[in-house]
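We call the chains A, B, C, D, E, F, G and H, going by the order they appear; numbering starts again at 1 in every chain.
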Amino acid sequence: RRRGFPEVVLAEGKTSEQVVKIMESLAEYHSNILATRAEPETYELVKQIIPEVKYNKLGRVIILERRPLPRKGSVVVVCAGTSDLPVVEEACETALIMGNEVKKLRDVGVAGVHRLLDNLDILHQARVIIVVAGMDGALPSVVAGLVDKPVIAVPTSVGYGASFNGLAPLLTMLNSCAAGIGVVNIDNGFGAAYLANSINKMGI
Amino acid sequence: RRRGFPEVVLAEGKTSEQVVKIMESLAEYHSNILATRAEPETYELVKQIIPEVKYNKLGRVIILERRPLPRKGSVVVVCAGTSDLPVVEEACETALIMGNEVKKLRDVGVAGVHRLLDNLDILHQARVIIVVAGMDGALPSVVAGLVDKPVIAVPTSVGYGASFNGLAPLLTMLNSCAAGIGVVNIDNGFGAAYLANSINKMGI
Amino acid sequence: RRRGFPEVVLAEGKTSEQVVKIMESLAEYHSNILATRAEPETYELVKQIIPEVKYNKLGRVIILERRPLPRKGSVVVVCAGTSDLPVVEEACETALIMGNEVKKLRDVGVAGVHRLLDNLDILHQARVIIVVAGMDGALPSVVAGLVDKPVIAVPTSVGYGASFNGLAPLLTMLNSCAAGIGVVNIDNGFGAAYLANSINKMGI
Amino acid sequence: RRRGFPEVVLAEGKTSEQVVKIMESLAEYHSNILATRAEPETYELVKQIIPEVKYNKLGRVIILERRPLPRKGSVVVVCAGTSDLPVVEEACETALIMGNEVKKLRDVGVAGVHRLLDNLDILHQARVIIVVAGMDGALPSVVAGLVDKPVIAVPTSVGYGASFNGLAPLLTMLNSCAAGIGVVNIDNGFGAAYLANSINKMGI
Amino acid sequence: RRRGFPEVVLAEGKTSEQVVKIMESLAEYHSNILATRAEPETYELVKQIIPEVKYNKLGRVIILERRPLPRKGSVVVVCAGTSDLPVVEEACETALIMGNEVKKLRDVGVAGVHRLLDNLDILHQARVIIVVAGMDGALPSVVAGLVDKPVIAVPTSVGYGASFNGLAPLLTMLNSCAAGIGVVNIDNGFGAAYLANSINKMGI
Amino acid sequence: RRRGFPEVVLAEGKTSEQVVKIMESLAEYHSNILATRAEPETYELVKQIIPEVKYNKLGRVIILERRPLPRKGSVVVVCAGTSDLPVVEEACETALIMGNEVKKLRDVGVAGVHRLLDNLDILHQARVIIVVAGMDGALPSVVAGLVDKPVIAVPTSVGYGASFNGLAPLLTMLNSCAAGIGVVNIDNGFGAAYLANSINKMGI
Amino acid sequence: RRRGFPEVVLAEGKTSEQVVKIMESLAEYHSNILATRAEPETYELVKQIIPEVKYNKLGRVIILERRPLPRKGSVVVVCAGTSDLPVVEEACETALIMGNEVKKLRDVGVAGVHRLLDNLDILHQARVIIVVAGMDGALPSVVAGLVDKPVIAVPTSVGYGASFNGLAPLLTMLNSCAAGIGVVNIDNGFGAAYLANSINKMGI
Amino acid sequence: RRRGFPEVVLAEGKTSEQVVKIMESLAEYHSNILATRAEPETYELVKQIIPEVKYNKLGRVIILERRPLPRKGSVVVVCAGTSDLPVVEEACETALIMGNEVKKLRDVGVAGVHRLLDNLDILHQARVIIVVAGMDGALPSVVAGLVDKPVIAVPTSVGYGASFNGLAPLLTMLNSCAAGIGVVNIDNGFGAAYLANSINKMGI
């Protein structure tokens, strides 16, 4: 009988062949597997060996979910714009396969704070909030100021110039005026969801 | 007859003696003079030569204003917390002596966005807005998103650790999601007010 | 009846398909739309759906201008060399579609300061000046020293080596010896023009 | 009747006088107050006004705890050496006044991994783990690899040379090979405890 | 008679033609030659001129070993994951051709410290240990804490975001809590092996 | 008979006692000695042993010049403001004791380019030009654009915030749009003068 | 009659079409033109319009030299290895077309200091020395210590990892223990030669 | 019976009281103890409790050596100038108490390479060489090029401006053109000696 808790493979920095081989061998003992940062070509190769896999193209995630875990609690993933969506999708797929109920809240950037205020109820229903933001990285501060939940902040490499590939929002988030924020690596949707899962499952 | 438009001396990096000498010689031809970044000791020395000078201790500014310019238009200076006040004061004194009406709006940080919303009318009455912020430097983005005025953003060196002496809010502001923001050097309240003055006087 | 004030889409970091979809839906309610950082391929796709669009190849801007706003006041865009032109064009197209009269002044770098002095009258006729400069980023200091107008400085990523993709001119501009300069992000011609527009329209 | 949930004042960047004034006015409506980064002199001044305050000298924290909250759940604070203790103390005092049971585990650096393994039971009993580490910042990775709890990592500015005032352990922690780690600002014991509290209270 | 001690060529930054020419002329006087950072195409070209050469594809190393040196002492090369293998291979090939007995120990990252403890005997049999690690770069600290041998640490550029192409593990290693570690450049498997060779041969 | 060509001691990073001892022993064989970065206390101590020494307080230079070299050619040292004067003085004293004719040109910053143009004749009479500048560091570009002489640029650590202790003008100067500029270390007036001397003496 | 002193075009950052157009129009009034950083394709296009042009492939320089200037004085260009040759070639072509006698000295790196000592006579015959070096950038220090000539140091972006694209040798050169060194931008062979020319021509 | 192998305490970042307490308790079980980075005041306090301690003022090291280990093999510590001596002393004291024969070689900087060549025999007699260097950090490259021994390079924070507190020589050393160099943290004389000891003892 295979283990239900998902294994996660980081495809980036591996050849497609290496990913296929790793997933194949993991699939013997694990019902649920995720491969993050996977290119479409890698997905096509994996699919020939494990036909049940699915692919989230935007999030670049290959998903094998043969025995879905029951989805509990509630993780809300918040972002401002279209360009942060790949990281949002990586976070959502990770949280889902780990057995979390997930809601997305997008187009709620700090430059239009009213949109965020209009969705306060969604934030209040969350147990943990993941906030994904590039450029000025200001969104986690505003969200953490509005609600009293653990907030996980993910800076993204979206933007240009003085964003320095995500350094700007990373520093912003580490210096947040609002307390209660834990920061993960630039573009690390997976890491944010992993931490959110371990928080969300507390007391459940 | 002395010129009304103020001269500004940067006291930092000069000895007290040098500042006294410069102010003394400027005072012959200029009615109004400001010395920024001036220590109390420098003020005491200057006062012995030019008894009319005043001192803004928090803002570290020496003020000689013998023929005040009429105060026109409206510049609003916004900040979040107590630690940004020195920069706020430098900006206000500069704007005042240059002949601008000045309003301060403090304690309106992004971690409590409702306080900012409660003061929207003050922002709407401004012709130019100076936003002073350290740490996450997120305030200019929210302000520029709320009102359609020129916003001048001043990062401050307040904070510690990954603020890297103001680098964090500087990068945040340069990467703002909201358009219409011009950024000046870290802690440069003077520069912000100088630019605000040149904008505020347009069409007046 | 569609709104006249232009919408702006940042094409960079979006797929051509995403840009087409966004422009199509915006075009229902907005007469004037700009897409910045858009590749020729994206333009070709957009053109099939919205045949009126034009393309500024150098500035990589797609322009839909069905109800041109009246062009008021005067924004002057200054630069030194050929390599800064893409940023200059982005700034000009943005300023134009927002209803500003725009003049360009090129080939006036600090290494040949006489060319700049020969064009002082153009600078004096401006209401706002945008200065685009890469490498040493020294031009805004000289311009702001010559005329008493609001200056918006745009560092560019042009250059190599110790320019560090625009970090060098960015720092130069933030440390300008001349007061009255607001700085925007590296290569951010759009942001400079947006701020210039909001200043230029004051008192008009 | 005063509110039980503690208010926290950051004394750094404020004068002793400002801190006294702020604590005095907060003390009217709040039973429990903490002032972090407070010098002994500030404590002496505050004590003259509010005699019940205590002082944690190592952690530089002034504590007013008139109606202690019941201490629930369990937060474990882990560190390697003597030099990280100030940050550990700041974290512990914050967690205590917010109503958390707190255990300290020290002298368990990665250069002697057996000491850590000898204390695995303490880690397993935690609901949340705060790991404080300077220099190589490697401890959170090892801890998060050993137990399946939310880990909050605090880099410290302890060390010299290529530690660059805490930049080295900050980067280490953001790049941890072990998932489930949220990072806070360099030396930010307060922020770590605040986040730990909000996690620890889940489901209690 | 050709010299036995190997020559090493860094192919990176040279054209294939340059590498071929250099290897050809070296091959006259040297029995053993290594070309590191060599692309498959370069290998194919070299092979046409010097048919005995072999290629380690993962390590990108071309090997000409006509008179193998006797393999002495013992160098152990340790790493955590699949993505560090190219650097591991570069180190191993270099150490081998220089006449060292080499053992590899992989999949022993700090996030699963028990795997490392299970292999303590291999570490104890080493005369010198090379530890290759990317991301958090924490492995050398743990290894140097476990055994009393010279440790050579090689940071890798593997990872993303705040790894900043290997800067993060480089700083980690320079700040190691465990003494007895010498650090080489990012991805410099060759340099690590060269130093390991000169240490391993002492007293042999 | 003592050697005429001056010896130079860098006092910074040495104790006063070390400086005295070094100067004393050098004074036996050298007629002319300079100690740069020397505090007044060091000067007082040296004076007790070698009564002929003089002290340039602003430039922090101790001067022993027993057999002045004939002053040849012409080195012009240019700067913008009062705060750069210490570096200017260090450069001038070094150039003088090495036997160069030296002229100073101050108050000629880029923010007032006309002052510089008014002094073109002095620039044209120079054989080598040293330009000292902090903050935006733009002055060498303008000077090198105006005249066709070797220009040596010295960035200074004057300024604050995003000057990052002289990094900003250093990068500016390395990226100068005008060719013909050699850059020395931040605040290195000595190094600039040493290079200027070796250029000025060519063909004399 | 065309001007003999060469014009220089920086092809990098321009399209081939732009380079062709600029060279064509310059060629009317200038006998000698150089285009640096030019790709082979650009050369082919230029050749169709101006058939006399030559191309230095390694140095990526297009050369039009219709009225060669007489070659005077002596500039020596020194480097350590094969990978620095492109920058060496750019410097040599620039110095040649400007009318300097040029000698190259290669394979004289600091890791084999005897090769350098064997060539001391060449260094002593120089009037100016350009030293091109990547990686540790140590060569200019050794050269400037050996001979008493103006040294121009050019850091190169050759190398990997902690070379950070030339930052490492740039910093090394700015901090040289040997006086008399002026530094130019990373890879800026052109700038070094331009400065060398203006020094070499002194007193000739 | 106390253990002979020395314990080492890092006094920096600890109060004098903490150091005294730690040394006192270590002294019960260890014959030999070193406290590095210790101020004179700390030494005075320790001396009152453990009268046998000695103090190396320049190296800031407190030494308790009750049962000196026999001094074996040979470690040579090389440096260029006076300002690097504190780090040299820290390294020497550490190597001595650990039972190594130690030789110092000073005043052998790269700017006068002949002094180094005159001392080649000392380098050839070494088993391990520690090279301490600030500013350009070029010395390890030259030394490692001259002799075929393990070289440990220690960058120092000596210097100013673009040395960035030792970053410049650190990068230089990591990028050395000569192979066989292991680098330790800036100013880390202790770490260099610890590694040198473990290498020197091989095969003895």
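Operating definition for what follows: a residue touches a chain if its C-beta (ideal position, glycine included) is under 8 Å from a C-beta of that chain, and two chains touch if they have at least 3 such contacts.
All of these numbers come straight from a predicted model, not from anything done at the bench.
Student: Just to be sure I understand: going only through chains that touch, what's the smallest number of steps from chain D to chain F?
Tutor: Minimum step count, chain D to chain F: 2.
Student: So which chain is farthest from chain B, going by the mean of the CA atoms in each chain?
Tutor: Computed centres place E farthest from chain B.
Student: Could you figure out which pair among F-H, F-G or A-B mirrors the A-C interface, over half of its contact pairs being identical by residue number?
Tutor: Repeat of the A-C interface: F-H.
Student: Return the distance between the CA-based centres of chain B and chain E, expressed in whole Å.
Tutor: So the centre of chain B lies 56 Å away from the centre of chain E.
Student: Quick one: chain B and chain C, Cα centre-to-centre, how many Å?
Tutor: 27
Student: Centroid of chain B to centroid of chain D, CA atoms only: how many Å?
Tutor: So the centroids are 35 Å from each other.
Student: Taking each residue of chain H in turn, which ones touch at least two of the other chains?
Tutor: 159, 161-163, 167, 170, 174-175, 185-186
Student: Touching pairs of chains, which are they?
Tutor: By the stated definition, chains touch in these pairs: A-B, A-C, A-D, A-E, B-C, B-D, B-F, C-F, C-G, D-E, D-H, E-G, E-H, F-G, F-H, G-H.
Student: Spell out the part of chain F that touches chain B in their complex, as residue ranges.
Tutor: Residues 82-83, 158-163.
Student: So in the complex, the part of chain G that touches chain H is made up of which residues?
Tutor: 80-81, 109-113, 117, 135-138, 141-142, 144-146, 159, 161-164, 167-169, 171-178
Student: Please name which positions on chain A make contact with chain D in the complex.
Tutor: The contact residues of chain A facing chain D are 8, 127, 148-150, 152, 170, 174-175, 179-186, 190-191, 194-195, 198-199, 202-204.
Student: Could you list, by residue number, the parts of chain B that touch chain F in their complex?
Tutor: Touch residues, chain B against chain F: 10, 12-14, 18, 22, 155, 157, 165-167, 170, 185-188.
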